[in-house]
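In the two assemblies presented below, chain A is common to both, partnered first by chain B and then by chain C.
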Partner chain A sequence: MAETTQDDVVFRPKPSLPPPPNTVGVVGWLRKNLFGGPFDSLLTIVGVSLIAYVAYSLYQYGIANAVWEADTYRECLDVTKGNGACWAGVSTWMNGYMYGRYPDVEQWRVNLAGVVLAVWLAPFWFPKIKAKILVGMSAVLTFPFLAAHLFLGGEAGLFLQVMVAVAMTLFATVWLNVGASYLGYPSLRVALLRLSGFENKGDHLHKYVLLGAFGVGFVIAFAYQSTWELAAVPTQNWGGLFLTLVISGIGISSALPSGIILALGRRSKMPVIRVFCTAFIELFRSVPLITILFMAVTMMPLFLPVEINPDKLVLVIVAVCIFAAAYMAEIVRGGLQAINKGQYEAAQAMGLNYWKMMTLIIMPQALKVMIPNIVGNFIGLLKDTTLVSIIGLYDILLMAKASGQDGKWLGMHTEPFLFTAAVFFVVCFCMSKYSQHLERTIGGGYGRR
Partner chain B sequence: MAVLEKGSPRRQSRSIIEWLNDERVRSVLYQAIVAIAVIAVARYLFVNTSENLQARGMSSGFDFLSGTAGFSIAWTVLPYEAGDSYFRVYLVGIVNTLIVSLVAIVFATLLGFIMGIMRLSKNWLISKIAAWYVEILRNTPLLLQILFWFLAVFSLLPPPRGSFGLLDMFFLNNRGFYMPAPVPGAGFDYTMIAILLAIAATYAVAVWAKKRQMATGQQFHTFWVGLGILFGLPILVFLATGSPLSFDFAALKGFNFQGGVSVPPAFCALLLALMIYHSAFMAEAVRAGILSVSHGQTEAAYSLGLRPGMTLRLVIIPQAMRAVVPPMISNWMNVVKNSSLAIAIGYPDLVAVYMQTSLNQSGHAIEIVAMVMLFYMSVSLTISMALNYYNKLVQLKER
Partner chain C sequence: MSLETLDSGQEHIASAISDEVVIELSKVNKWYGEFHVLKDIDLTVYKGERIVICGPSGSGKSTLIRCINRLEEHQQGDILVNGVTMDTNLKNIDAIRRDVGMVFQSFNLFPHLTVLENCTLAPIWVRNTPKAEADRLAMQLLERVKIPEQAAKYPGQLSGGQQQRVAIARSLAMNPNIMLFDEPTSALDPEMISEVLDVMVGLAESGMTMLVVTHEMGFAKRVADRVIFMDQGEIVEQNTPGEFFNNPKSDRTKLFLSQILAH
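So, the complex of A and B:
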């Protein structure tokens, strides 16, 4: 009797019922996210029909009624009656969209430079490689010379030849370093010393060995590049996506260093430097890029001595660099302001001087905070590069426009623009996704935990 | 002696290094170097410029402003004829730029708010549609979008005879967009005065109602009363004075439309492109602003017994505005700057008529570029001053 009462007193929960079938699984998800109420359901139905309509029209225009092979836009129109795309024109012009009027037989040089840059920077993404600064700095500082020589061709001056040889040697260094790392050496330096047998023969000899190795590489590279015979391609013939990438690439790689210098100048305690930097930043940030470009092509030739007749592309690149630097400076300033004052004080208390404090303590933290804004700025710069088409450089946008004004393909506007938009979308979208990935991986440890 | 002779220069040199290591001295030194460098570069540029101008036989100065500009401008808001001065061209360009920017700003902000709120919708599909809208528009260049609208849409519209019409009042064809023009008759001034009075009265009622609510806690239906005054008073006056407003309708006469107000296709394309492109950025600003208000605020408001509508109006929106307005205003600034891309499709904005046509004709590159930059800088400074004022106004009052 007593035992049974005790049994009765003990609370025995009944097993919980399964959730109602309409709140789990596909049905539950649909009810929660698409059909939460009458208004929600209406919105969903409108949305679905909108998507269906757009998708159907795009399919009809881009695939079902599209023409893939034709010789003129007229032929396309005869088939499509204006209801379909004429991709034949786009594929005919593809070479123009990519390279502009760069001679067909020389286009391998552009491709080669692209491949070299990709291979050069690839070790960035190898987890084992330590010397990422070497990879980045060598590429940023010397690749432009190699690329300039490849793109321009013709007779190179001695300086350019030396720089090209240095670039090739550094490229080899980067990849030998990768090889050494994967063969089990801590670094290329150690590998060289060990293989040459100098590892244990006194530290003072080490640098001669390393310099000697670099010198041998340089001489080989120099001798090799002096055998090149590249036909000259003037910048007027550069164009298409290639030109867009050249301008924006130079703008992007120069923006960060010059932006950092300007931002530090603007936050400096020295009034003269602060005033100059602030004036520079505010001036170029408050005017549209197109006015800076106009200024570059109309006023810059007046500013320079009469005997210098600068190339239009050079002027444009200078303008883009100025513009990018001014915008980047404000982003860097924002990042610097986001750093806790305690970090500055702690660095000073450790006895670090200004430059050490900035390079070792402040900048690494600030750059992490700034990643989304920096990448956003790069995307903006890539898009803004299309403005050079207004002053007559045949970038991808002007090529797209020109293709619809050409005799055979007269009137073809939608297709080239859709193609160009797709190119930009893919590049920019990937950049922004990659920046979100970076934010998650290296930006971690700062802010919310 | 020998020791002294050896020691003294060393001590002296050390004192120079010590002196150089003094932070204040260094600071002066750096600044002097920078100042001298900047002045030297400026002087170099100035000398080159004057030599260049002399070599090309060009004059400098602003005398050319009163000279006649021999070209005509396709579409102007300010009256302009081909014989007017260059200064007139400058003003015409500024007004054309401001008109298209203002209209674009209004529509882009509306669209941006709609898209930003859609992006936050609980409905998965709606939020995805808004997300893709934003991604696609943000990741393609504005110039491309402008050219697309102009060349692939507005230029392919039918000619005036086959134009799209709405209610026989609005027409769209490849010559532009036509709408009725209001023609004020005698006595319309009274209606304008009534509108101004109604605005003042509404403001006064709002101030009074706020005061009364603060003092007694009683609420007043400011919104409905204000709406009544705003619309009622002008309409009454308008009817009392005998409806002195007529419309000039656009109508097809011969090969083209006559009468009404019209804007060219370039205006439509630029407006549409600016509006859609910037609405994507504004949608992101709205979304980030609303997300920046923590959910605790909503819960606190509910626990105080506020209804969802009141929570949104009194708690969420005022706090979200603090985060939405600054990026929104800098987006407005970008609309003004980006309207300069009009030059690509031949809409006569400041850059097109002044920095291109006038510059090519008069050759006064430096003066003209400086004047155009001055305009954009003053717009930018005005906007950033307004922004600073707003920030000061809404700044969190902390201890």
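So, the complex of A and C:
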């Protein structure tokens, strides 16, 4: 580069100035968003008054004039004269809303399963834990067996017993891994090898050591679970929020994997697979869920041999899973289409085969794009499960309805449904917020695009 | 660009061609539907040879090099890469792709992975290289393309020129013996073209077999052992850069050169 001489014009950028006043800060925000002009100001005032009115009415109905303790709906009405809520009935029926007709003395099993699931999945959010796939996959694949045994009770078959023992061993593995990670080992694998003294004794022995450790854990778990004596609780007694969460939980956790497989099948170059997947998706997407439920519960048994008498709940869950998978498949397909063709080409040009390309390159990107749609679908599915009340499963909605037909609480219709609405709102709102959080954190890694 | 600037002081770098054939195309034909995009292409590439392919858009030059690693499927003729016949056998295709690197016009870096992870993904998952070894190799390559300090960043945080250099490093991480470049500088701002071309010149100096589709005639003059001019799916003319630029045989080549060198 030439040296600067006196004749050269030197470029000096102008200094950056602060923005004009009243365009930043609280005042700026208020002026811009609430009082931008006469019409805007009017809208603001009307809107605020409306919100205040609704809030005040709700407060009057739900808190100020509400009755919290009473024995019958009649007592409530005597006090409120119809101007306040009768929460006494809701709290009396609370157990029913939560568990349906699940026997009171056995409800700890439901709670235990819930706690186990929460504890199982907790390491997913621990920053130090790298084996997130182990955490997620083990829970999704084996927790349902453990939960099924806990919920159903009674005599478990050998297969279920084995799966329960596997589930407990994997649960222990997940948490031992957490322990090992926080004790400074890179992973449970290394910790086991180091503690057993096999770390430097030939790599081919490692897998036997690890398998042996798992085997010991399995035997202990199997022996332990065979001592359980759980009273049988048939699915007819399941109900309330518990039943809603069982149906939607299974539907949600099966929807994503089966949806991915269906979507890949629909994009496959192999005609048989493509036609089958397309037909499956189109068939179940064009039929309302309630129709599928009726078909599953009333018509399916007609086509089955008499000896096979499947549980109504199982049929419902299968129907919900199929329905959810068909919807999810189209969401996944949409996500896959959002991925640039160049990503496929770059992966192929490196020699990655189809499955490696999909799992390492395409799916991670597609899933990120799909998060809002996936969670939207999950929320929809959770709410759709209330349709099972129509075919006579006592989910939270049917329990709410039943409480208003109870002799003591006859006529109590508003409060149980308000309560149910609040429960659904809390659950769905949490899912929605978490999805937004996921979008931000996963998206944050991309940097500027 | 004019011929004077092309000639300005930069020597043609020494060739290292051996007589070993690495790519052989004979009578290759390809159609997109009804459109005949490659017509009877015959091409033999020797180890260490550096070929620049140029021609107007739609002439089939990108399609030609994309047939070499099966991003496009040809319908007639034979393609032989590193002694392996290109056919529908997935094993052969994967074997060829492992040893043929490709750099794209639009970079096609994986946006969800860091620069380093972009470079180690294929060695780890295709060649089963241990992660530590793959990391070490990738850092060496990032140093070679002069951006080791960006290793932990994501592609979206880099400039176009930097991204393309990462893409080159990523291809080199598989230790290929042939590199295909599909208009590597066409999506770049003028200020960034030279940093990518410098890396490519360095690669040429190391004796890599290169097929480059580009409009950078300065690069062709300096690096190419052979310049191929394509139009309408045919190889119209091929020659050494000296002969090609100073003494083109075909009218079509003369017209093309006069158009791209007019500015």
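Everything below uses one rule, namely that the second predicted complex is superposed on the first by the 411 of 449 C-alpha atoms of A that agree within 3 Å, B and C clash if a C-alpha of one lies under 4 Å from a C-alpha of the other, contacts with A are read in each partner's own complex, and residues count from 1 in each chain.
Rule of thumb we're sticking to: a residue touches a chain if its C-beta (ideal position, glycine included) is under 8 Å from a C-beta of that chain, and two chains touch if they have at least 3 such contacts.
Fair warning: this is a prediction, and the values are worked out from it, not measured in the lab.
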{"item": "Partner chain(s) touched by A:Ala346 [first = chain B, second = chain C, both, neither]", "value": "second"}
{"item": "First, second, both or neither for A:Asp384, with chain B first and chain C second", "value": "first"}
{"item": "First, second, both or neither for A:Phe151, with chain B first and chain C second", "value": "neither"}
{"item": "More chain A residues in contact - chain B or chain C", "value": "B"}
{"item": "Contacts of A:Leu360 with chain B and chain C, given as first, second, both or neither", "value": "second"}
{"item": "Which of chain B and chain C A:Trp409 touches, first, second, both or neither", "value": "neither"}
{"item": "Touched partner set for A:Pro271, first chain B, second chain C, both or neither", "value": "first"}
{"item": "Interface residues, chain C side, partner chain A - complex", "value": "69-71, 90, 94, 97-98, 100-102, 104, 106-112, 121-122, 125-126, 153-157, 170-171, 174"}
{"item": "Chain B-touching residues of chain A, taken from the complex the two chains share", "value": "33-34, 36, 40, 43-44, 47-48, 50-51, 269-273, 276, 282-283, 285-288, 290-291, 294-295, 298-299, 301-306, 379, 383-384, 386-387, 389-390, 397, 400-401, 404, 413-414, 417, 420-421, 424-425, 428-429, 432"}
{"item": "For the chain B and chain A complex, residues of the former touching the latter", "value": "27, 30-32, 34-35, 38, 45, 48-49, 51-53, 55, 121-126, 129, 135-136, 138-145, 147-148, 151-152, 155-156, 337-338, 340-341, 343-344, 351, 355-356, 359, 365-366, 369, 372-373, 376-377, 379-381"}
{"item": "Touching residues (chain side chain A, partner chain C) in the complex", "value": "340, 342-343, 345-353, 356, 360-361, 364-365, 368, 445-449"}
